[in-house]
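What follows is a short report on a single structure.
When the chains are written out, they are named A, B, C and D in that same order, and each has its own residue count from 1.
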């Protein structure tokens, strides 16, 4: 049985040897190990892929022993995920279709190992795509006055469907703390600029006005502060004076969909860890 | 005789035909033409490389006729440069040597068609490089109290040497309006971030703190507002959580020197035009 | 009425002035001009976007006069396209769906200004996507023995539908001269390597075996020699020793679809010219 | 005392745990660990940075025990390097100065932790740079008839100076097996193309003729087969139809010097391992 284990804890001598020794003692074969130390913050991070014998391995026993012998004494935060486990991913959209199409075509190709219980939107524009791909579509309109009520409906749907994480595929609404608190580091947004440049609305217009020679896209976990959450993935493309704002938008779409899908794939594969509003990406 | 002509004026029908017809009528063969229209601002830009017969071409006559028949009626700003003309480039540095070494090794290879009358610094640290390359070095220290006086000394040197433009090759001082006004769009700076992200001091530290996945460098013309002048050239490189601030600095050095030298080469080749705090780059 | 004009001819003095003067004399306003001279081959290339008065402009008169006054005396090859004209694009696929999904989602978003009369495949695997997007799908199986017959069927379909150009969206069959000759520089292929490296079958396997640190994708016009036609667009992405062949394939898919769509968009916009097995791309 | 250890051996269960346990048992604190398994070839690779107590650590004892308890039973190839150890790097050049200038300016800045006992060339053109940087310069001309004799002279110099590795900084001579066999995987070359495309002479001319849209540079270890050794580092830059061969060469110079210096820095830092004509790069 293949598993991914993510660990972080205060850095201390011998920690790699201790963890790998423990896995080994439980019959695990370590296929892959990557680690990182943030020296300034004195935090140790590790990702392990291990193969355990299907017959003799008991995940409950393993977990309680890991907790007692490692997590507690070394003050570890840790998580174990079986490779066969499928996360449930909800997709929130508004009117732009490129990120949604990209995610769903990857999903259809088997590139994203998830279930998609539903697509949710504050508009009906993209319902036809949900239909094309036979995925339930919920339309929950949002106005200033109905925002709180709408988010309660969202939460209800998310819980009923046991959603593990949310992808904002160019969802043009600010997600409030009501939802964020229920999904900490589990809401992935795509912002159409090279953050921290051009946070907020209309970044391509701002980039054009500033006369930059490169535009970008940034995928990040959503936090209370707008466009300021931990960055998962970024990419850029060159532009020149000859490109109009509309060219920026067209070129940007290709960046957005690729960057978002990379971030989603990293999240699905348990390759991201968050601390101090930053990420460690084990890629 | 080969020439570069840069033109900008309010956009109007037939302007390309009118200019090319004029060049043609003066015996010029147009080797290269690039043009751009900023539709929002309604400005037309053009760059022409033309070859004139050495014997029959009189630059004074040509210029006064261009002025009368084209520039005045069409409200053009324009400039003509002979390809044989060598600009005089002053280099300002402080303590970092990578950009200076890069510029001087290009200069020595014949890659930069300029004269370098002197290198100027507020520190003595890089005098040895000026000596290595046999270029006069002036040390003008700057303190808060002596800044104005120091800049007057700089201006004196710049004028005595008929300097055409200044390259700030990691010059760690803010250039004041005293100097900027004498060299409008003729001072090229390299900033060690992907502007407008991380303007000001210590951009690599700020980028590290924000957890970006890409760092950059930006070369721009210096204006009164710090790090906010028209951008000439930008480039970026990927970083990960595993890179320390010191890694950012090392990786950044390679970006800085390449981006700065590209900008300098564009300026030397008369391929840059400035308007509305942006650039048109004919590359 | 907006038009694009593509021109190439032997290079000669004054040619830009002559063409722009002609356009101007016919009441055209040149919105955009780009030109290029291949000095070694002594060929002049130009692309013009011009705006003519809808009422007074007669395309037949214009064309015959252009032919007589410019094309004949200057030995020009030229083509004029109205911006409102929609090309008919056929898409050939086999079993991989990423390029097809990408093209069709762009098509649905209005990003590709074409008609798609049909999708054709030697397999039935992707029929469901044609159905998702309501586009006719033809299944023409190909074996060694039936290849000629199959290509005749293809040609019949192409002609019946007045197809202007063909996109091979990971079509895993070699197109023979029978089809190529009918569509010279009108068949766009995507090859999953950085050509000329790794032409032919299984380029990701070959790239992995060679231990390259960067992989690529290349879109080119199809010619008789396999993977050797004029290159329209290329892009690359970094890989490391830690990536398996399967990782190359996954990463490569993103390159392939982006590179192919860029090439298709350049072709649709009349921004490509072919000569000496190379392209001039006016972007 | 900080050390880097490089290991490769047949892959086997528990190997990470065994090695880290051994280091731990010798009082070493593992600061950094990276590993890789080539599953097809069944080879395990590991790089460790460990900190040992200066007083109690005996490198001879450690090495002989590592040999007996780990290397022998697990069939390991391994190497240990103290971080304070300085390698001796010889630089071979011909007539192009950009890579040499780049290496020496980095060396002067303390970016390359090596000694440079000498620069060697088959031409006198770059002797002035050696003088600028006060590094001994040897001129050993090479003709078809004198090649063997010249390489004997080279070997003598290399041995007398205890050279650890050689950098071919645009050295325009084929290094024969006489020298390669003495420096296996210790001669770093920069080739001015994106290998395996355009191996051999005049790659920029070949790239221009093929009409590629991207050019590259490749740094690799030198093996008997020309331009076919294990690739350490590659990078690319975009070109268009408007770039001449001479533009390719100019743009390429910037790639070459950056790619070569990255490869040299990886080699110096013991971050490269070679197997099956490929590299594992622990970066």
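We take it that contacts are C-beta pairs under 8 Å (C-beta built on N, C-alpha and C of every residue); 3 or more make two chains touch, one makes a residue touch a chain.
Keep in mind it's a predicted model, so treat the numbers as computed, not measured.
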| query | Going by the contact rule set out at the top, which chains touch both chain B and chain C? | reply | A, D
| request: By the contact definition above, name the pair with the higher C-beta contact count: A-D or A-B. | output: A-B
| Most distant chain from chain A, judged by the mean position of its C-alpha atoms | B
| chain A to chain D: how many Å between their CA centres? | 38
| field | Interchain centroid distance [CA atoms averaged], chain A/chain B, Å | value | 42
| Which residues belonging to chain A are in contact with no fewer than two other chains? | none
| request: Under the touch definition given earlier, write down the residues of chain C that touch chain A in their complex. | output: 97-98, 101-102, 105-106, 108-109, 111, 132-133, 250, 253-254, 258, 261
| request: Report the residues of chain C in contact with chain D in the complex, numbered from low to high. | output: 36, 38-39, 194-198, 210-214, 216, 230-236, 240-242, 244, 276-281, 283
| said: With touch defined as at the start, can you tell me which chain B residues reach chain C in the complex? | reply: 13-14, 16-17, 20-21, 23-24, 29-35, 37, 238
